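The following pair of complexes shares a single chain, chain A, combined with chain B in the former and chain C in the latter.
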Partner chain A sequence: MTKQVTAWIQAAPMALVLLAFLVAPIIMIVIVSFWGATEYSIYPAFQFDNYEFLFGSPVTYTVFANTFKYALITWAFTFVIGFTVAYFLAFEVRSLKWQIALFLLCTIPFWTSNIIRMISWIPFLGRNGLANSTLISWGVIDEPLEWLLFSDFSVILAFVHLYTLFMVVPIFNSMMRIDRSLIEAARDAGASGWQTLRHVIIPLCKPGIMIGSIFVSTLVMGDFITVRFMSGSQRANVGRLISNDISLLQYPSASATAVVLLITVLIVIALLLRLVDIRKEL
Partner chain B sequence: MTTISKIRYSRRALLKTGGAALAASALPAPMVWGQESKNITLRQFGTGVSNLNEVATKVKEDLGITLEMTALDTDSVTQRAATQPDSFDIADIEYFVAKKVWPTGNLQAMDATKIANYDKIVGIFRNGKLTPESTIAQGTAPHTVGFVEGPDGTSFVDNESGWMTLIPTIYNADTLGIRPDLIGRPITSWTELLNPEFKGKASILDISSIGIMDMAMVCEAMGEITYGDKGNMTKEEIDKTIAIFTEAKKAGQFRAFWKTFDESVNLMASGEVVIQSMWSPAITAVRSRGIPCVYQPLKEGYRSWGGGIGLSASLSGMELDAAYEYINWYLSGWVGGFLMRQGYYSAVPETSKEYMSENEWGYWFEGKESTGDITSPFGDKLAGAGEVRDGGSFYDRMGAVACWNSVMEENQYMVRKWNEFIAA
Partner chain C sequence: MANDSTLELVSLTKRYGSTVAVDAISHNFQAGVYACLLGPSGCGKSSTLRMIAGHEDVSDGSIVLSGRDVSHLPPAKRGTAMMFQNYALFPHLSVRDNVAFSLRMSGVEKPERYKRADEMLDLVEMTSLADRRPDQLSGGQQQRVALARALITRPQVLLLDEPLSALDPFLRIRMRAELKRLQRELGISFIHVTHGQDEALALADEIIVMNDAKIEQAGPARDVFNKPRTAFVARFMGGHNVLKLPQGHIALRSDEMIVTTPDEGRIDGRVIGVEYQGTHIALTAEVAGGQEVTALMPDASFLDAPKDLGEVIGLQWEDRVAHPLTA
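Entry: the complex of A and B
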């Protein structure tokens, strides 16, 4: 057997799996997005109704804008928090034993389900919840803060809470690979702590930052359940549009929205990848 | 109406069923009716309202039929009935869902002559009239989708043709739930839902087909819109209705929208919301936590819903016989009593009477002052002596129905507008 054939055979299983479970479903979604729907059934067709309605409705643009807003703000917070935590773990904690222990500590919340972690905010932030009653008893506020729950604030809070670890892990990983002698060299060359961070650590962490950013932005842009619960169904992102359509049997219209969302997310990732060549850096 | 999960009940129900299953295997229950149906399994799905494990346990005991239940929310129920005909034998669906699902041909018409208690079924489900004097409410009134012209009928007929689409099982009249302790004044009209006094403390349910009706009740009560038929709005009526609520939403009237039963319970019990669309068992659930909650009768009337069981088109032979046997058993009283003690109504109330105490019958059905504690079938105390059911008797409540849950001709348009309302 030639080398080439062997390579093809070796790649085949993965390729088949991806073809069957990733490519085929996406093709199906694209096809269905051109179909028509009645109240209780969908029928094959080739029409642009779904896209026409989607692009014709001002709500679509607000919802897409909202989705970007959530992604951007969540990204900013998870990046700052994630980078700080990773920096602390990688450079401030000296012994490997403690690094591993503290890192595992970060993952403990993941032992419960996403939804439970999210919902547990609701009684905490509620009008008569722990946060409000504590603030009132401290005399900080007289009236309960309404915007703590069922608002953009609570949605973003939950996102940040849920997804920061996805930022911590890849950045921590990148930081651990940085050759310590580089930092020593920077110091010997007279760089201040800030300069070292700016000119040595951050550039070397870029792949980790990018991977984390891709995680967070795709997770937030594809989410619907967090938005639904934390906003009390008052806010919407694209995921919610899709889930509403599905629950009302409007599969073609849901597919059309999904296709547009998919393209949007791919564009975002393409932009991110232009900033850093992950393959090269890894 | 629709309910996803009754968290509070299901755990207990599970324990009970588990216990009963143990008991049943240790002491084989006497087969009262058909021996031959002993080994038959019927797969039923429906909303959490009537898909109760107790019913499955009892039917196993009485008939020997194994009932496999799946509880879903209203949207998923419609979805399954319409798209997965082979996944069920018995569909426990709402009448307005039947209107959507019947054209798919996934259900078969039932022969009314095989239904023993057919003559005793409440008039609402037969000719539409609760009493001979009643007027028929707007919306998808059950009798309008209750009959088809024959065994293979595809279109609904407006008379008692003897071929039924669904056998009515459970129904109720819905209204707004309020927290009287936090409101502190009488509430008498649907308009209060949009009263700025309750800014940030109101809620409505996020299930388009039902939510739009609650909206319509409000808009009509405000005098903003006069509907030709609330259950079958025109595009302009839908636009206007949604516009009024979108404006209120943007002004911050709503604290949240809810989609599942337990969400509505939590919103009310935590005091996040003081007035909202609500379902009867949710009121009960709030009350059983010791929090005052009233299912407020309003002068404009109720929004009503009804459910029934339908047979899968693929049922035949012994399974079909078993299904009829099950239906007859369903209407024979035990289930009715079980449901009525939770605040629903049974399609054949008189057979249920035997399965309720005089006090229970008086409280739930006749609207009389209770003479002792009223407890749910699960043992929770719902009311003490001297209390009266919100809204009064069966005839007071079901007689004041202003509209039925429905599917409109402009449903798809409505759904899209609803989606915009939620996203607005």
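Entry: the complex of A and C
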């Protein structure tokens, strides 16, 4: 058998899995997005009605804007928290044993399902929840804070809580690969702690920051359940738009929205990849 | 009293928990000296250098540079600069930006810092590669950049941590000539840590041999080589035989040994090794008490009177070449 044939055979199982479970469904979605629908039926067709409706409706733009808003704010918080945690683990914790122990500690929340972790915020943030009653008993506030739950605040809080680790891991990985003598060399050259951070550590962590950013932005942009639970169905993002269409059996319209969302996310990733060539770093 | 740019170590000590890495060493480095800290790995030479650089806290004692106690100053405020073993060039910066890094940190404007970086690159003959990234350079070129980066801060003392160990043997010999040239041109002190005695002999005005956290012997290169004070120094510098005789230990340079017939020698031994070394033949003989003695013979005189394995020979030396050792 020639080398080429062997290579093809070796790649085949993974290729088949991806074809069957990734490429085929996407093609299906693209096809269905051109179908037509009435109140009670859907029929195969090739028409642009779904897209026309989507781009013609002001709701679409608001919802997309809202999705970007969530993605951007969540990204900012997960980046700051994730970078700080990774920095602490990589540079402040000296022994490998403690690094591993603390790192595992970070992953413990992942032993419970996303939804449970999300829902557990509700009794905490509710009108008569722990947060409000504590603040009232301390005399910080007189009235319960309404914006704690079922608001943008709670949605973003849940996102940050759920996805910060996706930022920590790749940044930590980049940091661990930084040669410690570079930090000493920077100090030798008179760099202060901040200057070392800004001119040495952050530039060298770029690949990790990029990978984390891609994780967080795709997760947040594709999410619908967090927004539904944490906003008490009062806020919308693109994922919810799709899930609403599906619950109304409007598959063609849901598909069209999904295709637009997919393209949007791909554009975001392409833009991020323009900033850093991660292939070089992996 | 310390005059300009002398570096003085005053019972400098480094402890890691209960282990003592550097045990109260004291030494005076004259201004403009090329000094080598020489010793086996784990002898404390690197810790000493790193304490001078400020990358390791001083447990006890002090470091005085130009009459100023710098023991607790940050590295950049000491008047020293360090060249790291693996060069520690910033991989994300160009050669020019690497060299200009310290100027950038102190807020020097771009045109000015690039001008000074280019001057430094000129000094180490790297001007043509100023826009490359470190990973596009060979080991020797990276080292030149690291040198330029260390020198741009105009240090009084340049500290070099095993600077040649990452290079292949040919390059090593070329770079050490380069280091010596730079040191002469700049007239500043170089303190160079190495475990290679040939490197130390070739470069150093002054050699400080360290062993077991202490200074074993310090002095001009010729003195340390020719008059080793202890058996350790004699063995570590190489080229010496350490012989235990009734009157005590002595060191004998192997090239001062005279091979004779058994009855003419002071001691006799059986040849156990003959090694051809190009210009010389190294003849190893086992003498009384199981001690091994090596004699270096010019290859011509060996050819006149060849010796074979197992042959009994006499070994003779002049009194002036025998150096008594303390231990």
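The rule is short, and it goes like this: the second predicted complex is superposed on the first by the 276 of 282 C-alpha atoms of A that agree within 3 Å, B and C clash if a C-alpha of one lies under 4 Å from a C-alpha of the other, contacts with A are read in each partner's own complex, and residues count from 1 in each chain.
Just so it is clear, a residue touches a chain if its C-beta (ideal position, glycine included) is under 8 Å from a C-beta of that chain, and two chains touch if they have at least 3 such contacts.
Keep in mind the model is a prediction, meaning the values are calculated, not measured.
In the model built by aligning both structures on chain A, chain B fits alongside chain C without clashing. After overlaying the two complexes on the shared chain, residue contacts for A:Val63 are found with chain B alone; chain C is out of touch. Comparing chain B with chain C, more residues of chain A are touched by B. After overlaying the two complexes on the shared chain, residue contacts for A:Asp179 are found with chain C alone; chain B is out of touch. Looking at the shared chain after the overlay, A:Leu249 reaches chain B, while chain C stays out of its contact range. When both complexes are overlaid on chain A, the residue A:His199 reaches chain C alone and has no touch with chain B. Applying the stated contact rule after C-alpha superposition, one finds that A:Asp188 touches chain C and leaves chain B untouched. Touch criterion not met for A:Leu272: it reaches neither chain B nor chain C.
Superposition on the common chain places the nearest Cα atoms of chain B and chain C 46 Å from each other.
Contacts of chain A with chain B, set against its contacts with chain C after fitting on chain A, share not one residue. Those residues of chain B that touch chain A in the shared complex are 75-76, 78-79, 82-83, 100-101, 103-104, 200, 203, 206, 208, 249, 254-259, 266-267, 270-272, 407, 411-412, 415-416, 418-420, 422-424. On the chain A side of its complex with chain B, the touching residues are 37, 39-41, 53, 57, 59, 62-63, 66, 122-123, 126-129, 146, 149-150, 228, 231-234, 236, 240-241, 244-245, 247-250.
Residues 179, 181-182, 184-192, 195, 199-200, 203-204 of chain A are the ones that touch chain C when the two sit in their complex.
Of all residues in chain C, those touching chain A in their complex are 53-55, 74-77, 81-82, 84-86, 88-92, 101-102, 104-106, 149-150, 153.
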